[in-house]
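To start, I am sharing the structure in question, which I have written as structure tokens.
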Amino acid sequence: MIVANVFSLDTFFSELIRTYPFFFEAAWMTIRITIAAVILGTIIGVFVALLKLSNPVLRVIADIYITIIRGTPLIVQIFVLFYGLTGIVQLSAFWAASFALAVHNSAYIAEIFRGAIQSIDKGQMEAGRSLGMTRGTTMKRIIMPQALRRAVPPLGNQFIIALKDSSLAAFVGIGELFRLSQGIAAATFNTLETYVIAAVYYLALVMILTWIVNMVERRLSISDR
Amino acid sequence: MIVANVFSLDTFFSELIRTYPFFFEAAWMTIRITIAAVILGTIIGVFVALLKLSNPVLRVIADIYITIIRGTPLIVQIFVLFYGLTGIVQLSAFWAASFALAVHNSAYIAEIFRGAIQSIDKGQMEAGRSLGMTRGTTMKRIIMPQALRRAVPPLGNQFIIALKDSSLAAFVGIGELFRLSQGIAAATFNTLETYVIAAVYYLALVMILTWIVNMVERRLSISDR
Amino acid sequence: ACGEGDEEETDTGADGDGEETADDNGEETDSPGDEVDYDEYTLEDGKFVFALSGEYRPFNYVDETNNLVGFDVDIGMAIADELGLEGEPYQITWNSIILGLNDNRYDAIIGSMGITEERQENVAFSDPYYYSGAQVFTRSDSDIQSLEDIDENTEVAVAEGTTYHTMIQDYSEEIVTYDSDVVALQTLSQGRHDAVITDRLVGLINIEDQGLDIELRGDLIDSEEMAIALRHDEDELMEGINQALENIRESGLYEEINQRYFDEDIGEGN
Amino acid sequence: MIRVEKLNKSFGDLHVLKDVDLEVYENEVVCLIGASGSGKSTLLRCLNFLEVKNDGKVIFDGDTIELKTHNINEIRQQVGMVFQHFNLFPHKTVLENVMEAPLMVKKIPRKQAEQEGKELLDKVGLGDKYHVYPSKLSGGQKQRVAIARALAMRPKIMLFDEPTSALDPELVGEVLETMKQLAREGMTMIVVTHEMGFAREVADRTVYMHDGRIVETGESKEFFANPKEKRTQEFLSKVL
Amino acid sequence: MIRVEKLNKSFGDLHVLKDVDLEVYENEVVCLIGASGSGKSTLLRCLNFLEVKNDGKVIFDGDTIELKTHNINEIRQQVGMVFQHFNLFPHKTVLENVMEAPLMVKKIPRKQAEQEGKELLDKVGLGDKYHVYPSKLSGGQKQRVAIARALAMRPKIMLFDEPTSALDPELVGEVLETMKQLAREGMTMIVVTHEMGFAREVADRTVYMHDGRIVETGESKEFFANPKEKRTQEFLSKVL
């Protein structure tokens, strides 16, 4: 018998029902790794953005960092960090993968924040300084809160990208959605159907996240002045 | 001897020199698969963009296509298409992978073209129609040539993304840069150094492509009126 | 010895692993020559974590309920039992499996790893726990009858980083690599590639289980000794594992596991 | 030549043209004036089917034109249109702009299209700009290219929608001059304009629109000298 | 109170302030007038160290201020600044805008800052807007908040850079009124303005700048009645 790779709707639905406990668990892992990557990535990203806006030497360092990260594939970064980090610090697979994803996202997030900060009217800094506030205080109290709001839409978009990118954590052994579907595909030989099921889960997660991002944006614009 | 995962500059350079014939060959594969994906993806993308700008039914179809592609990870798409296509048509691994990458890019390229077409002043279509040209002729002769120019910068950016994404073709057996580095890392146990070498090659390719894109943009803006 | 025993008990008690481990320890202290607390030699308290690719059916794979199962898994669990530890399989891509071991991500590799000289530089091998060999597989309509028919233009698919991958490089220049032998077999059956080199048993079982349209061709290419890999200088653990292997062979457990998966006896080399 | 009867046009709830009746005879020049939003552009665009009327008739050479029964592209070839913002094709040279429609629509041989195009450009005074791109031209030059481009299809009637209002004041003259020349050659023209001088001097008739209706039509000299309607008087008193 | 001596400032090749000497005494109101680009804003910003002078001295209460030896943030607390475009903090309510600097810089207890903030807002006539966000205010209200915000630091001198030129004409009055009140209370003020009426009426002295130099300084009534310099006369003839 030849492995028929023509899609079977019957198999798709029966597998969808049979596998949902595993997929739910894996989806939870996908969510966790995405959240970890996004939070860590935002922290690093803000830091890199501030470097970019500070003195010329640090700016060059930040530029090199961003160029390297944006100039190499995520999967290579994951492997470099996953195996490279180990020589320095012992991380669990989850944290190693999250950290790799975070580093990747940080370069993009840094550019988002830099853009948002630079989009704030120069008059805001001048107003702060003219009141006797230091550069740091003005940054923290006046510029950043406004920049943050402005960064929400592109950040939301980046988070959606991060969610999809978390699928590559499969290759360093994280049991997230894609990893699970690989296993189930191999076990049941329902290759096509299983990967389509994985796609459905991703699509659902992306849509939920999109919805959340839109809601946050709307909230901000309502409470906005 | 224990595999030490702390980066060794010595190893890095000796491996860089030793492995360059393999990496050059793999880089050539990366380039080929990127070019194939980009050309195919542009063709599909233009087609989808035109669907989006045509009647409401086709528009909904195009929207669904774009939503699905943008809502699922590339690696899942590659696996679905790699295993799904086989049931329908027999493609070599190279073409199967290229096609999967092309489909992925097509959704993004479609949005680029749609944006570019819609950015062309409505007066252009009216001028064409008022001269007795059909909608199709005006599209082909007047709107598209202008839209194409406008699409060049975002398209260039998308091509750079496609180049990096081609690394995922490794997982369906294409011997491109990342696959090669995996093999060398496993064989020599110089994991970190090997993946860093791969990153260097990718960075070089991305920079060359960036340079080409910038040059094309400049050319266009010079010949532009 | 008594003092050690006491320590053991308090140790495991503190682990919160429960009485089972304590009981096991108790049993083992009964068995002759086994007074070592292997917990000291593993990374995680009370656990023996062993790595496999999970993509090497029937030796190790994920079943449809998302559990890691297979011959290697059963062997690994049996050995863990003998060591008085809780066995836990760990899935990782094959071509990263040795790195992961040396990165201290797990205690051992029990994943059908054949003993080779290159690998011995990076890991230490136990006594072999089964014997097998490589074989050529092709679609039933293929002209390739044996390894001799493979030339530089034959497209051969293998799993990345396997001994088959290394070996076939002397024959063909058109090598396609996957993360998994099983995927290589599947894609061969789908009409991609001209041949696959993989383990004879892996090929045969998958042809049968999946109804793949492919056949075994020619003779066994070589014979491989499959062994458990540890980091170098883990002599105590190595000793324990070899002892455990011997124990399960003697107790008949090995044979029982063998029969769960194979009709033939894979435990003895020729 | 061209006639509209009881023409009505709405955009959604907005009733823009209300029972408009207008007839333009061969060789006649008619100017359409009126406040912003009164529907002048819309009327012009309906004549060219760039807007689709809701109701009423558009009669061209005695033929009632309907989207269903007529090939609109053929009608449009006989109706030249000149836009306020020129709408030149920026990726084509001046000559290519003029040749485009004859080549693509009339399928005229390239040689002939090129010769005719050059003649037209010479006529509008741009004989030295054949191979220049539109971005290099002044507004007045652009509009003259647009006129040449429309003429290249040998239309029976030319529609102008505020052809000079996007121009710097010093450039208005050259475009009006080109239009006067056209009028002298006997071209049938409908011109929406705010240039009252041009209307008075060149137009045979002037039509005043207000709020989607034609309020007053008259022989131009008479129209400006003695507007009959109160609203026309008010409008003229503001703009003159 | 504040004095500048031989102040020079360039942006790259552009020499914007040329040997400017100016002294402003306690309780004095000085208006700075002059054409666009004459350097009025730059002079004001140098007084507040928002621009760093190239050369010359800024003397504050007898103290020559240098970036190296003085804490600029402390100086700035004594110099209030009101900008043309208000520069309110859009993410903070009106009251929060006013409280921000006292809380963050002077570390005043929140209760006290709030009370003082409310008093200041009452004073500029915005007692009913404490918890409103700036985007909900008119331009005049915004500028009065900006004045209250600057006053909250209890500055010794207030600098105004065209405080009314971004306002709709009907809103100018309320801001000028607030400023007049400040002047009456004895606040030392330097005001860049195009409101000649305000200068004549409220300012003790008026200073005319042209091309980076102070051309004429005089007691305001006298200055407007009998400008001495030719360039001042020309300027005044244009703007009055």
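When the chains are written out, they are named A, B, C, D and E in that same order, and each has its own residue count from 1.
Keep this in mind: a residue touches a chain if its C-beta (ideal position, glycine included) is under 8 Å from a C-beta of that chain, and two chains touch if they have at least 3 such contacts.
All values reported here derive from a predicted model rather than from experimental measurement.
Separation of chain B from chain E in touch steps, taking the shortest path, is 2.
Removing chain B from consideration leaves the other chains in the touching groups A, C, E | D.
Chain centres were defined as the mean of their Cα atoms; on that basis the chain farthest from chain C turns out to be D. With centres defined by CA atoms alone, the chain at the far end from chain A is D. Contact analysis places A-B first among chain pairs (by count of C-beta pairs in contact). One finds 56 Å separating the Cα centroids of chain D and chain E. Distance from the chain C centre to the chain D centre is 84 Å, each centre being the mean of its Cα atoms. Centre-to-centre separation between chain A and chain C, using Cα means, comes to 35 Å. Distance from the chain C centre to the chain E centre is 80 Å, each centre being the mean of its Cα atoms. With touch defined as above, residues shared between interfaces to two or more other chains in chain B number as follows: 5, 83, 86, 171, 182, 185, 191.
For chain C, the set of residues touching two or more other chains reads 96, 99, 103, 190. Chain pairs that touch one another, listed by label: A-B, A-C, A-E, B-C, B-D.
Those residues of chain B that touch chain A in the complex are listed here as 4-7, 67-68, 70-77, 79-80, 83-88, 164-168, 170-171, 178, 181-182, 185, 191-192, 195-196, 198-199, 202-203, 206-207.
Considering their complex, residues 54-55, 57, 61-66, 90-93, 96, 99-100, 103-105, 180, 182-183, 186, 189-190, 210-213 of chain C touch chain A. Within the complex, the chain A residues that touch chain C are 1-3, 5, 18-19, 22, 83, 86, 90, 93, 171-173, 175, 180, 182-184, 186-189, 191. Within the complex formed with chain D, the residues of chain B that make contact are 121, 123-124, 126-127, 129-134, 137, 141-142, 145-146, 149, 224-225. Contact residues on chain E toward chain A in their complex (touch as defined above): 48, 50, 73-74, 76-77, 79-81, 83, 85, 87-91, 100-101, 104-105, 133-136, 146, 149-150, 153.
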